[in-house]
Amino acid sequence: MSQRHLLALFNNFEDAEAAIYELRAADIKGFKFDDLTLKSPIEHHEVESVLGQRSANVQWFSLGGSLVGGLLGFFLISGSQANFYAQMKGGKPIVPFPPNFVLTFEMCVLGGVFITILGFLICAGLPAKRSPLYNAKVSEDQIGVLVKADESAMPKIKGVFLNHDVLEIQEEVSK
Amino acid sequence: MEKDTNESAAWTKRENESPIPKHERRASEKDIRESIAWAKINQDVLKSMETPRKLYWVILFFAFAAFSVGVGCEVYQYQNGMGVSNKNNPHAWGLYISTFIFWIGMSHSGTLLSAILHLMHADWRKPIFRFAEALTTFSLMTAGLFVMVHLGRLWQFYYSVPYPDERGLWPNFQSPLLWDAMAIFTYLSSSILFLYIGMIPDLAICRDHLHEGWRKNLYTWLSLGWEGTDRQWRNFRVTYLTIACFLIPLAVSVHSIVAADFAMSQQPGWHVTSFPAYFVAGALYSGCSAIITLFIILRYVFKFEEYMTLPILKKTVRLTFAIAMIWTYLNAVEFASVWYSHDQASKDVLIQKVIGPFAPFWWGMIFCGSVVPLTLAFKRFQTNIPVLFVVSLLLNLGMWLERWMIVAPTFSHGYYPWTWDHDQWPGFVQWGMVFASFGWFTMLFMGFCKVFPSVSMYEVKEMVYHRKLHLKKSETAEQGAH
Amino acid sequence: MIDSGLDRRDFLKVLGWGGAAVALSGCGNTSVEDGKETVVSYVEAADYVIPGIGVYYNSTCAQCDAGCSINGRVREGRVLKLEGNPASAINRGRTCGLGQAGVQHHYNPDRVREPLLRHGDKNEVITWDKAYALIAEKLSGAKGDEVAFLSGGVSGHLKVLLGNYLDSIGSKNHFVYEALAPAVVRAANKKAYGVEMPRYNINKAKVVLSFGADFLGAWVSPVHFSQQYAQFRKGVDGQRGVLIQVESKMTLTGANADRWIPVRPGTEGILALGIINALGTASGDIAAAVKGYDRARVSKETGVPPGQIDKIAALLKLRSPSLVLAGSAAEGYAHGSQNAAAINLLNQVLGNVGKTVEASTSVPFPQMAPAKGNTVALKSLNDGLAAGKYKVLFCYAANPVFTAPGAMKFKDHLAKAGFKVAFAHYLDETALQADLVLPLDSALEDWGTQVPEYMTEGAQINIQQPLMEKLHANTRGMGDILLALVKQRRAEEYKSFDDYYAYLRGAMLLNKNALGGSGADDDTFWNETLTKGIVKLAGSAGTLSGKASAAGLTLPVPSAADVQYPLQLIPGVTASLRDGRHANQPWLQESPDPLTTIVWDSWVEIHPKKAAELHITEGDIVEVTSRSGSIRAQAYLFPGIHPDAISVPLGRGHEALGRYAKGYGANPFQILDAVFDQETGELAMHETRVKVSKTGQRVVVVKDEGAAGGKQMGRKIAVLVTTDEVDLSKEA
Amino acid sequence: MSVSNLLENWAQFRHFHPIDDKPHDPYKWAMSIDLDACTGCNACSVACYAENNLPVVGKEKYQHGHGMHWMRIERYWDEGLGVAGGSDFPDHGAQFLPMMCQQCEAAPCETVCPAAATNHTADGLNSQIYNRCVGSRYCSANCPFKVRYFNWYDYPTTDNVWPAEMNQQLNPDVTVRSKGVMEKCTFCVQRLHAAKGTAKNEGRLVHDGDVQTACQQVCPTGAITFGNLVDHESKVHKQWQSQQVELDKDAQVKDQKEGGSGLRGYRIFEELRPYPSVMYLERVRESAI
């Protein structure tokens, strides 16, 4: 059975939140709650209480990135010192710790930042194609709720939205 | 004096015409009005990005002209050798390095303050962090130019870059200069990414509200298909927070490493333990005053009175004052630690700063850096825009002098009395390059303001939203109490 | 030696490729890149050119008359560096800065390259044949008396040849002029010791008391004395020699003294007599002569504290032998001979004669002994010129237009000479006044022999030989020119000599036995001689005659203050620029003066106290005015000068000579008064009185000394210790 | 590869030099300069110009401090001269000090070069690699002696530095430096190389006296001694030994002995611990006069 998208726009977050609560409670056949996406001009982390704890794993990338960066930094530097110029400078050891630690730290941060960004792009699914239904109002002042559901569930979902002062409902043109 | 009053009056007039209703302005020093409509935020900020007025082009032209002076100087210097800039043995560095530190310092408040305040949930940062981060990025880019300009063999600059090479040649990782390069590279790239990541939602707004032209394409590309979905926001928050965490120690490390260029050396007047702290304080200081300057300019030019409000300015000013006092204290620490060290050479350098040929500049630095900021302690000046504008410029002049006073006296008055040289003044090539750096920065910054939103729209919306929630909560609480 | 089979053009090609490409590769200014030279492979180079391998030749330094032997490093046919020849007793492998710069004389871009006929300010390039013909023509119109030859100090075979030439002309007018020769001291020595230049054994002395003799800097044979000085400082048995320097302007030697005594200008002789008095060992007429010179009077007249005089006398008494030297500072007065005599008397009283003052070995060929230059010669030449006596004037190795005192008006008088021929390396001030300028080979291209005036242990003849091919095709050696000229008049006598080389070789071989080559065949002897660069001679050691006497010794009471010209001008003689002939050698221009560290310019040394009185600060351009003229130079506050004197260094202030000399500094010769020593008639160089006035202009003094002005600020850089704190005997 | 080298030689890579390192072997070039013999005549400085292709920069550039004298003679006056209570005249003469690169064992300049253009060689020299230099001038900034000279201009192409003919004097064994690189005294490394080459061909080490630096060779008073410090037969070794100056100490017997040691060997700025390779012998002055 074909699925369709539907975007409901709300004037404020409370309305959208209430609508989502109801959708979750309604248990509509042909609509999985995970297929609901909230689109908002600002971050509403209150939404987690409605949507449930959805994962955000960027921090693991950060950890990995800084570890790799740091290790790479230290071994690159110490290795190059040990190999290329095993030659004294200023009476310091050939592999001197203080400068190498400074650079290890910088590499650690560099790796961390770069891989975090990479992680962000992966986790947030960016860069992405635009989703089928989008309204520029979402980046201005309205809250959008995008649902993907079976054709059959659509009327019910619409009903829920209408209960909650929806401003506008956009529907994907059926294929 | 009279002129001041006139200007003051003009400003008061502007303030009176401000869209913020008078009673709200007076009532509770709110840093932002809850009642601002989100659509209006979009509208106001996007308006600042519209096709510029004639004056913009005129200023840009002058900035470009100033930059061209520097290009000319560089070509001349490249052709003839570093000697044309009037440096010598012992004055090996001169204005290039002092101005380099100045710009590096300038870069500090943007990203560092933005990150710290972000972590501390100080949401008054929200309307100002964007341009502050841009300030960071562009001043780093300006600072980077000085590293290049400074090199005797610019065309071989890549010898100090670590890259795998057939002959197995590597740069010297012991050199603080290399740490510097590495730290600046890390800082610059992280700052650009931080700025960019924080701008993605705004870029999406731009994309959504511009319907044609190269800008549309640009924003479409840059916004990476951002739609403000919950997943995007969730990951965005974590990412932003993580990078902020990375950036704080990084920013501190960057200026401590710049300090290490001096502190790790063996020269009197440089080999000072307090230098890293001194440099970081100085950096924050000059950065904050630069923020005040740009704050005032943007507020005026883009009519951002509703976002860049006086309470926010006041907070920034108070922060600046605190840092000014820290900086002053660290100056005293430097003196005290040298004075009790029994290191005659270092003492001589200090004495030289105070009463030698550099004395006018050194006292100028003390005046601008420690005396002028005292005005900021007075409440009436904390929101007095004309005063603040002048003060912030003076503070930055002071900070530029500070950097010069760090670099030059040690060269002129080092360990070896035979090579003391008190007469070598920077030549026109050096001054030209310093002058040009301001043109270059202005060019970049003005370009940025017209291409990217200089106030973060989504964060301002957040701020407004949170204020509203807060208000509601307190109202409910009040009602409950009744 | 150098194979003439290699023609010059090929040689230069090699130079062009080897020199430019090897030395300057990567510098972007090679002549090869300019397309000016054809690339020729090393295959065509001469045998002795081994790429990358240096060849060493011995020769003699011609930068001054001390006669140091040098050892030149030649690579790819180019002479690169001069070192001292260790075999020479004079310099024992060492050289001075002046000697080092010899290569810059050779490679100097401002050398004259073609014979020039001068018409006013214009030069016409002519051929050598035409030049010689011209000389012959002019000489034919002049009587012998009407021909004068002015030269610097000459010796060896050149002197012989020159003598023969003048003889052939019938002229006795050979004026040997050296602006800075110790001529008064020579005369005083002759009187006291019986020889003009005895051998001074500084190394054997325990105390050296020098009255203005800058033996470490520019006096007589500085490289030799420097080595003696090093031994003197080490001491014979761990007792380090003590150097006391008495002078009004600190010289390099004064700067190295244990005690430097600023004496009122011109009162050196009085101090010497005062010391004799204080010693109390003299008897007879000497005691009578010094009787009046008690401490109080001497102290008053010389400005030296009485305690100081006693201390010196006590030390001289305690440590024997000592050595007392009279230098240019003592001799440069109208009573210079008296000063020198008084100082020599002190030596005699101390019993140093025979110990630290010894007779030098004489060269067995008196005709080769050096013609010693002096300033009397200049005076008589000048008088002759003023009277219009000379129709033809030759000038070689002297630049009197630059070095003659302004008061003599030499340049004006020179114009009265009919035809002036200058043998010149550069178009110097004198050459510019000449009608015919003949370009000379540099000392590194030329053949010659030299006999130094100051002989060390044993006698020696120095050989000068080319270290490389001629740089310029049309320069000629002085010997070759003289030979050509003398052939014009005595063709028969000299026809067997193709060139000066042949003459020299022939002359040397003629005396092979006397020169230590008995038994060797000609070629071996000659090659060995050239290889060594020195011919050591057995020579007979003379004895010193003359007995100590104070007869005729009258020292004038220092004159009362001159209100109009209150200061004494002391022309400073620096080790590197001397009388100015080397001013176009940039190394010397940029080598800081050891005492003031000033480069590239002249300065007026003035005592800080006097300067404060006159409100002069460092860098003020001051006008120094004497009765004979005035010059302008920057002021330098110098503590090592008597407050009643100022000093301006000689050697700079050229109006010609070359790019490195012209326009730098001022020439104090210009303002010297024509005052002469009463006895010898030598020019009294220190006898000019001047006044100093500020002009209001200021410059930054270009010097090496930093802003600390020679203070160490307690940093322990150049550390000092007194003899009672060290034990020198244990040192390696 | 580099990492395995790192791990295998870990202990060797963690030595501080010279304090806990074995001495250079077989060569450690060092110098001693007797200030009592030095007369300040400048011959060494001119010889250095001749040997090492130093440019003559001219008056104007010299005024701006662009002089390139690797070996400079400094003239110091007594501290009491001209100050209140002191003398108006330099009664004890001046003090001269030849100053050139001290070839420090723990050279402050080496650590700071970003391009690794200056290194410590196996012979104990502080080497400058012109090709590698990027011209950051950090080494010069960190040199306590300020003996590093920068090519502020492109001297080979500057008028009247080496005009035609004069350029033929340039020593082909020594690079002519172009603009933007740092240079300094090398202890005449070209001569050292030549001597080592000769010695190697003969299957021996360089003997004392085989090689002289240009300044040493010219010095009229023989104030400069140069040689191999680890060669016990060398004069420089004997001098260092008799003065009890040790390369790897930052305070010598002379400074520590109560009541004077009778020694006069010292190194400048020893307290900064650069461990210079040049020992100076104090100038002596007669106490009796």
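Labels for the chains are A, B, C and D, by order of writing; each one numbers its residues from 1.
Criterion: a residue touches a chain if its C-beta (ideal position, glycine included) is under 8 Å from a C-beta of that chain, and two chains touch if they have at least 3 such contacts.
What you see is a predicted model; the values in this text were computed from it and never measured.
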item	value
Chain closest to the middle [Cα centroid of all protein chains]	D
Most remote chain, CA-based centroid, reference being subunit D	A
Subunit A-subunit D separation of Cα centroids, rounded to whole Å	63
Chain centre separation (subunit B, subunit D; CA means) in Å	44
Mean-CA-position distance for subunit B and subunit A (Å)	30
Inter-chain centre distance, subunit A versus subunit C - centres from mean C-alpha coordinates, in Å	89
Numbers and ranges of subunit B residues touching at least 2 other chains	169-170, 172, 174-176, 178, 415-416, 418-419, 421
For subunit D, residues that touch 2 or more chains besides their own	67, 72, 74, 76, 108, 111-113, 116, 154, 269
For subunit A, residues contacting two or more additional chains	80-81, 83-85, 89-90, 92
Chain contact graph, described as a line, ring, star, complete graph or other shape	other
Contact footprint of subunit D on subunit C as seen in their complex	15, 18-20, 22-24, 26-29, 31, 52, 75-76, 78-84, 91, 93-101, 103-104, 107-109, 216-217, 222-223, 226-227, 229-230, 233-234, 240, 242, 244-245, 250, 252-262, 311-312, 315, 318, 471, 575-576, 586-592, 594-595, 597, 599-601, 607-609, 639-640, 643, 659-660, 664, 700, 702, 704-705, 709-712, 714-728, 730-732
Residues of subunit C that touch subunit B when the two form their complex	700, 704-708, 711-715, 717
Of subunit D, residues touching subunit A in the complex	1-3, 5-6, 9-10, 12-19, 21, 104-113, 116, 118-121, 273, 275
Residues of subunit A touching subunit B in the complex	13, 37-45, 47-48, 51, 54, 56, 58-59, 62, 66, 76-77, 80-81, 83-85, 89-90, 92, 96, 99-100, 102-103, 105-107, 109-110, 112-114, 116-117, 119-121, 123-131, 134, 136, 138-141, 144, 146
Complex interface listing, subunit B residues touching subunit D	80-83, 86-93, 150-154, 156-157, 159-160, 169-172, 174-178, 181, 261, 264-267, 411, 414-416, 418-419, 421, 424
